[in-house]
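What follows is one structure encoded as structure tokens, with my remarks underneath.
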């Protein structure tokens, strides 16, 4: 039984750290703010939850588990809220979605568009009503 | 296993920090700072287990809470340019959109 | 080599590279802060700097210090800087490259590195600092004060005079800030009323229905959930400080962080109704008085100043530390809250432009 | 030993000195007063780091007595030195209070001069003195 728990804790913690790194890569590699938020979201919710769950399994039943659950609870409320507030602030602050440059991304299916036309994302994503 | 988690977390911190340094917009930095806070929480939890004194998870809890307060303050500042009023002054943009460095 | 030795070796091997990595991150952050022209971003990175150094404190076994740094660095300090930036310019001026400061810094650094060769090696158990009073304190806290947290014991009992002095310094700093920013001008409610008329909501410029901060559903619900949690946690830290990391200083800052969050989400005027600025001002002094009062009571009971053993035969130290920490907590919480009011209301008082 | 490299564990002080000097550089080289205060904060926290690093005992643990462990004689757990922790803990909170005081001064300076850049303040002050001298005619 304890071996199973140990293995499970191992898996969760390693998986969690993996998700952290993946999200970290995301925040560095994604092209613009709104996509980077996605990477940050992965580490903040999935990565952190998995690592903390692994620690909970490792700690066994007791005060530490209770505190870890509190941390988990607080994290699960605060970090999505913070991300939400950030994106709202960025949207309201007039941060534009950075459309990929024509020379870097091309639509492979749309040959008729010619070499200079890039992929246009959904027009709804682009907003012009900022006050700047 | 906690060493593995530690390494993973530190690498993530490195990545988040590089985004906070690179920017380019204030919001990119903000997301990185927020993420950095969460990673610090994990680092403290894991290092508590690593040195065999997991009692100080209080510290991780504190981080979670204070990080939230800081992020809300910054979001409010970005939106309104101040901390007390729900208005910005006429002729100014609250603007967090200009980049740094 | 026994198993415990092996384990200990593993711990050290595991801990040292992390410290190095954190130091590299710290240095990178510091250099970037030095280079940034945008002060807002610099303040954000200063938050990261604080988080990193708190992580280092934890690795260096200074849990109580990390606790304080965490409570202070990411929350209150950021808020103070943001309050200042709401009136001062957010951009730093371009300035020419200067050689002299760099030379001064390099010379000082070289001198310090030279001096560092005389320091005991990092973690050396034979360093003189570990053999003078520290063992007596650790043993004494266990035998005379009977609480597990040595830091709290030393802070509140053995070095009680020192701590009283620090509390008075906080009081003095608070008085100084209030005198500089002006008592009536720094009142949140009046600032709100004055500038609400001349200001304009960002949504109105964009031609939308203005939405106030407190009307943002997700934020205010999360806030409603978290604020009681933060305040409760502050009380836990206050009263659990004898047994684990924590104490009056940390608890005070956390309590203030809860009120700051309330003020940020529901308006400083609302926070001012919860804890009026005038009450906070009184509480700053009340905390110091409580601390000093315990000392005076000790003297009246026939002991010397801050000699808690006079309070009760068996639990004197417990009662004394409890009261003294409560005093510290009250002063710190009230000071931080009042400072938040003063700095957050700066934007409202801005209408007055310059004084000259 | 883990700390055996880099001149037997002195690197940590050098790292702290590097941080300290970065803070000092910001403090003396930059004109903007808010930036100076940020530099001062960096300087302060590196000083705190130095103290805490001096208090660390290798293989020791945080100075919170472990339940059930003996407090004297053989078998006492090795604790890190609590004294630097006590001193630095209060220094941090006092540091915030003094940061607030410094920022309040910056706010007042900004109100008086309309700027928080040192060179501009000095220029404005020189101009003011010159005007007074011209108006007063040498009195």
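A, B, C and D label the chains in the order they appear, each numbered from 1.
Everything below uses one rule, namely that a contact is a pair of C-beta atoms (placed from the backbone, for glycine too) under 8 Å apart; a residue touches a chain by one contact, two chains touch by 3 or more.
For clarity, every value in this text was computed on a predicted model and none was experimentally measured.
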Query = If you tally the C-beta contacts for A-B and for B-D, which one comes out higher?
reply = A-B
Inquiry  = Between subunit C and subunit D, what distance separates the C-alpha centroids? Give it in angstrom.
reply    = 13
Request  = Averaging only over C-alpha atoms, locate the centres of subunit B and subunit D and give their separation in whole Å.
outcome  = 21
Key: Separation of mean Cα positions, subunit C and subunit B [Å, integer]   = 17
Ask   = Of all residues in subunit B, which are in touch with two or more distinct other chains?
value = 13-14, 30, 51-52, 55-56, 58, 61, 65, 67-68, 72, 79, 93-94, 96
Ask   = So which bits of subunit D are touching at least two other chains?
value = 61-62, 64
Ask   = Which positions in subunit C touch two or more other chains at once?
value = 11, 15, 63, 83, 85, 202, 205, 219, 226, 229, 244-245, 343, 346
Task = Go through the chains and record each pair that touches.
result = A-B, A-C, B-C, B-D, C-D
Key: subunit C to subunit D touching residues, read off their complex   = 8-9, 11-13, 15-16, 19-20, 23, 26-27, 30-31, 33-34, 39, 42-43, 46, 49-50, 53, 56-57, 60-65, 68-69, 72, 76-77, 80-81, 83-85, 87-89, 92-93, 95, 98, 101-102, 104-106, 108-109, 112-113, 116-117, 119-125, 127, 129-130, 133-134, 137-139, 141-143, 148-151, 154-155, 159, 162-163, 166, 169-170, 173-174, 176-177, 180-181, 243-245, 247, 249, 252-253, 332, 335-336, 339, 342-343, 346, 352-356
Message = Please output the residues of subunit C touching subunit B within their complex, sorted ascending.
response = 11, 14-15, 18, 21-22, 25, 28-29, 32, 35-38, 40-41, 44-45, 47-48, 51-52, 54-55, 58-59, 63, 66-67, 70-71, 74-75, 78-79, 82-83, 85-86, 188, 191-192, 195-196, 198-202, 205, 210, 212-213, 219, 223, 226, 229-230, 233, 236-237, 240, 244-246, 250, 254, 257-258, 260-261, 263-265, 267-268, 340, 343-348, 350
Key: Footprint of subunit D on subunit B - complex, ascending   = 51-53, 55-56
Ask   = What residues on subunit C touch subunit A, complex-wise?
value = 202-203, 205-207, 216, 218-219, 222, 225-226, 229
Inquiry  = Touching residues of subunit A toward subunit C in the complex: what are they?
reply    = 74, 77-78, 81, 84-85, 88, 92, 129-131
